[in-house]
Amino acid sequence: MKPGTLSTALKSGAIWGFIILELIFFSVAGEFLSLSDKAFMDWDNMLLLLKQSAPIGIIAMGMTIVMVNGNIDLSVGATFAIAAIVLLDSMTWPIFAGLGDWVIPVAWLLALVVGTLLGALNGLIVWKTGVDAFIVTLGAMLGYRGIVFMFNGEQPTSHLNWTLVDFAEAELLGLATASWFLLAATLVIWFVMAKTVHGRNAYAIGDNREAAVNAGIRVGPHMMINFAIIGFLAALSAVVFYSESGSVNPNDGQLYELWVITAVVLGGTKITGGAGNVIGTFGGVIAIQLLRKGLGHIGADTSTVNLVIGLILVAVLVLDRQLNMKGKEELKV
Amino acid sequence: MTDAKPVLRLENIVKTFPGVRALDGVSFSVMPGEVHALMGENGAGKSTLMKVLGGIHQPDGGTIFMGDDAVVMAGPLEAKAKGIVFIHQELSLAEELSVAENIYLGELPTKSLGRVDWTRLSDQTNAILQKLNVGFDANTRVGDLSIANQQMVEIARALTVDAKAVIFDEPTASLTDSEKVVLFDVIADLQATNVGIIYISHRMEEIFKITDRITVLRDGQYQGTVETADSTEESVTQMMIGRTLDLSRNASHHALGDVALEVRGLSCGKHYRDVSFEVRRGEVVGFYGLVGAGRTEIAETLFGLRDPSAGQILLDGEVVRINSPADAIARGISLVPEDRKGQGLVLGMNCRDNMTLPQIDRLKAGPFVAQGAEMEIFDKYHKQLDIRTPGWKQRVGNLSGGNQQKIVIGKWLSMHPKVLIVDEPTRGIDVGSKSEIHKLLRELAAQGYAVMVISSEMPEVLHVSDRIVAMYSGRVMRTFSSEDVTEDNLIQAISGMTSEQVA
Amino acid sequence: ETMKIGITQNNVGVDSYQTTYESAFIAAAGENSDVDAVVLDAGGDVARQIAQIEDLIQQEVDAIIIWPTNGEAVIPAVRKAHQAGIPVVVTNSNIAEAGFDFVKSFSGPDNITQGARSAEIMCDKFKDMGIEGEAQVVHITGQPGYTTAIERAKGFEDRMPEVCPDVSIVDTQPGDWNREKSQQVMEAFLVKYDDIDGVYSGDDNMGVGALNAAKAAGREGIIFVGATNFAVGYEAMAAGDYWGSIYQSPVDDAEAALKTATDILEGKELPFLNYFDTPKITQDNMGDYTKPVF
Amino acid sequence: MADITRQQIGSLLAKQGILIAFVAFLIGFTIANPKFLTPDNVLSVIRSSAILGVMALGVTFVVISGNLDLSVGSMMSFSTIVVLDLHDKIGPALAIPAMFAMTLALGALIGFLVGYLKLNSLIVTLGMLSAIHGLTLTYSGGKNMDIVDKEGTWFSVFGQGTALGLPIPILMFIGVAALLGLILSRTSFGRKVYAVGGNGTAATFSGIPRARTVFMCYLISAACVATAGLIQASRSLGSQNTVGQGLELEVLAAVILGGASLLGGSGTIFKTVIGVLILGFIQNGLLLIGLQFYVQFIVTWVIIILAVWLDIAAKRGKLWSPIA
């Protein structure tokens, strides 16, 4: 058992409490406001929730490790779009013409490699220049988006491959393909962060970088690996999603970084690094998707949705604060 | 010992920082099985020399030898690989991680798939912790430990690897006596296995107790190396500061004034209970106890940083509620906090601005800060406390540990408080300055200040206090006057024995 | 028996056209007692739109109206609706041909024609002024990547050489449907080109931004042509600063979409493409049109 | 001798790395297009940077105090829409203070949440970004907001007027920058902002009211946003609901480009101004060169990283980072 599991579980408790609140609220409100005869907490609807959480959720797992590491990645949305373009475009490249449906795994691989490289490039810049990750990836958010537009101008890149669509829409044991990938990503990153030396070092670096350096941890390469991981996961998210939808707009993935970061922070990861876990992030992702879904369910209009989502984010923080309130005798700092 | 080869030899090391020549051709060597003291005033370059050795700084000139080979310590990793263990002056721990993970930071034991071998990790750690005789276990979160215990975690690192040389940079600065005993045992054990030990401290009694040789630095320059057995406190002090010190206590010849601060039945949750004492104008009251005795929490309560759960605080005979440090400051209370880096200083700010921070609202010239008045304050304490800095513009983070502490003291002295509370005021301060600070505390009392000194150093408490409050586990055990206190009855009081039990 | 109709819009908050569309749709659905509507907004995000289509299928609505964020990416989701037996109507901008099999009908403006008409408006004006032989035009497009932006730009740039072969389009930059951004772009154009005769912008918001820049720089005589005649554009036309635009009402757009959906549910036969007309509007004929409400 | 000059150059670089990078860009663009450095163009760039710039000045306070403000873009849309709406309803003389009051109320709310309740500023302001957008849409019904009588109002002076031969937006930018620069560098409040951002605990131990200081920073930020909204509204006398959308990241980029650390405790108003101008001139310069917009994205990426890199490399005296 990793030390401190219980205390972190308690601290990330706010998000689970909030998820339950959401479920209750939307179920009750849905009875009055929804046109659907189906209950909000319908089993199929919950399975759908899991699937719909995948695009942001898979990236959020990578963001957890990067943020625990004390960094941040604002370029994931653009990486997501680039990976999607590579996936869809490469399937039409003449060199792969003889492959038949075998082009699919090749295209997947290519997209994943590109995503990993883009992530690693951010990591390399952070490592070698010492520029803060926020700035490096803020720049990359623009630069990578520029690359997206370079591919195909303003046109969407499309390649609808029905074999691929059928695979992506398939269900195994009642779970959609995307859900499986989300669960797998969660599990793997959980394993890495809770069980492996690499993961524990990520916490150490995020917590006290100088101490980590003094202890002889190779901080630079370590951070680069984590950026490569988030690049890979952004590409994986794209691969899973665009296998099903078959076309990418050059604007796709915009604002994903903000949603992903929101999910991660709601899940209890410290912005300054050193603390956080994947299970909490999973909760954060579900909470956000539930909110979107629920507001749709009860038919809120756009301005209400914006207003409510914003206020809810703040409310969760307040709830979290109440749960973690220090005793009256504790230091007031 | 003379025929053996040194484990480590540094020759003509030079290191400059912008505006500071921190090391100017320093040579130094350590023999296997030797405890070698490195001494010098605050800012003399001790930590810098060790950081060069530990691969944290690259020297501008000079050579490091291990055995007969010249080596380059390109980074902490290399130094570690070559068998050099560095216990840092400033705590270097990841607070969110467990004790075990911190001790083995950078070299966690692994199983297949890169997994951490938790069982092995905690077994190894607990074995070490047992040797250190500490009251926490491998899975405790480091952030939950007291500073002293965090220091013990730092020390535990020395025992994890096959070290050739271990550097202790002021390991006892935040330890109490019982933990020091454990540390000295550890050092003796290492010594027995022929490890070379470099020991930095400002505490003479320790130096003479455990070290074999002493090397002295002054202003980045090598002053010489002497056999401990052949030297005296006076001779070493002379080497360090170029003069001898008058360590006699200047007894309080002044009359005591009214009660400035009184505490009646004060309690604060689990931290301390039913504490009562009073401090008069012109009086220095020492607070002595073991780590966790609750002295710091009392100070924090008086400074408005904690709400008491019961009891009263009286200033000049009047019951007051102190809700915030601003309140406390307005009522004439100053607190020199325990943790200078975390609580005392804004490391990224310059020396002057740190020093004037608490009174920044008072130094007004029209709508602006009166920079002239600020400079005056800085200059005054710069001189009085002999702070070594290239100038007021220097980032406080770039000062040596002891000089940082002096900035904090200057910051609160300049407030001219009615009640001055100092929590471990001379932690990391060199002998010269320490006696200056002690003198200063006595003088302040003579001027009518009420002074509370919290310290874990018995000589310090005995030296400066008019009365001593002995605490154990959140309770006041006994209050001594300077006449009836002895080392023995003080130790009894703070280990929880009442006088009846002793008798 | 009420008809449950779900709509997922592209990105409502982004401009007043889409917001007006949303409220017009809600109003129209409210007036029709046979209709219950769920109105969703994808916020410009394809993934969210697909999730919304899935939700609508899950809620078993009777018909789905979709304003695609991406004309191709939504096809598989539309296929799912089709397979679930729910008729789908596409509104405002069409989906790609591969999806036509799963869609009952399209209702909306013809953006390519709009672009072409803007080119004609501008060309005609140049001919009136007698500068069709040498006029230089700059082009400010909508947010990169949006179908509407792409189609209008294409219509304009294809048509201009056909009607006015000697007019040159000297520069094209996006103004992101944003008046301020467009103003900045225009400021740079004005510095860069000493001679600008015409400005075509992908909608009137951007057009007015460009107009403001020209006014501030004191450059006169530039012919401004836009699209989607917003109230600001209409007023600028009335003031004689702005030459022409394309009259397109989001209210018509929304009502047409709802009408198409209800017609389908009532079993009426409809043509596949239901373009509603978006006529040219210039200073000359603006009296025939009421001022847009948005 | 050579050693000394090299050191001097080194320390000059270290102190003014960003400024030097800025001058280098100016020279580069001027070579690419001689029209770049004409007074007309320079004025027009500064004028259109003024809106972003005024917001960045306020955000500088927030960032130095160790927090973030991502809500400034959507708050600016709000102020713009409100002041335009009220202009026709109660007249400009009342509309302006009313708009300032409403914007400051939003700033106070955020300041309360972040300062007094100590909530995470990234999430709070992200939440407020969305909530304020919703508020604006509700307020305006999603419609564009336009002043009816555009010719007859004195309101246009803030965005379109000139005084002393300079456009008013530029004068307002300079004025706000000078005022806030003085506050930050010369007053006790400014010192507190640095202390709170540098080490909040130590600031508390020094009797500095941390919560109130953070609260005030958000109020200042809101006041700047309101000023920016005023210039914006007055410049085009009409606006979309999304006029400020996305500006939050540009503002942050400008502040950071100026050398403020996201960890808090460092940064100056002067450097933020430079950061703002760099962004403005890059955008304009690339437009003048006539690159495709996506090439502009890529070039901006490279320039942002290069500028910040050179700045910190000069400070630490080494090009490559010491991270192992």
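Some points to look at:
Which chain is which? They are A, B, C and D, in the order written, and residues in each are numbered from 1.
We adopt the following convention: a contact is a pair of C-beta atoms (placed from the backbone, for glycine too) under 8 Å apart; a residue touches a chain by one contact, two chains touch by 3 or more.
All of these numbers come straight from a predicted model, not from anything done at the bench.
Chains that count as touching both chain B and chain C, per the definition above, are A, D.
Farthest from chain D in terms of Cα centroid separation is B. If you average the CA atoms of chain C and of chain D, the two centres end up 33 Å from each other.
Chain centres here are Cα averages; for chain A and chain B they lie 45 Å apart. Residue positions of chain B touching 2 or more other chains: 75-77, 305, 324. Across the assembly, chain C contributes residues 12-13, 19, 22, 144 that each touch 2 or more other chains.
Looking at chain D, one finds that residues 133, 137, 142, 201, 204-205, 293-294, 324 touch two or more other chains. Interface note: chains touch in the pairs A-B, A-C, A-D, B-D, C-D.
Here chain A touches chain B in the complex through residues 1-4, 7, 195-198, 200-201, 203-204, 207-208, 210-218, 274-275, 327-333, going by the rule given at the top.
In the complex of the two chains, the chain A residues touching chain D come out as 125, 127-132, 134-136, 138-150, 213, 217-220, 223, 258, 261-262, 265-266, 271-272, 302-314, 317-318, 321, 332-333. Those residues of chain B that touch chain A in the complex are listed here as 54, 56, 75-77, 80-81, 86, 88, 92-98, 100-102, 105-108, 110, 113-116, 118, 138-141, 268-271, 300, 304-309, 324.
Residues 18, 75-77, 303, 305, 324-326, 328-329, 335, 337, 342-349, 353, 357-358, 360-361, 363-364, 367-369, 411 of chain B are the ones touching chain D in the complex.
On the chain C side of its complex with chain A, the touching residues are 4, 12-13, 19, 22, 26, 36, 38-41, 43-48, 50-52, 54-55, 58-61, 69-77, 80, 96, 98, 141, 143-146, 149-150, 153.
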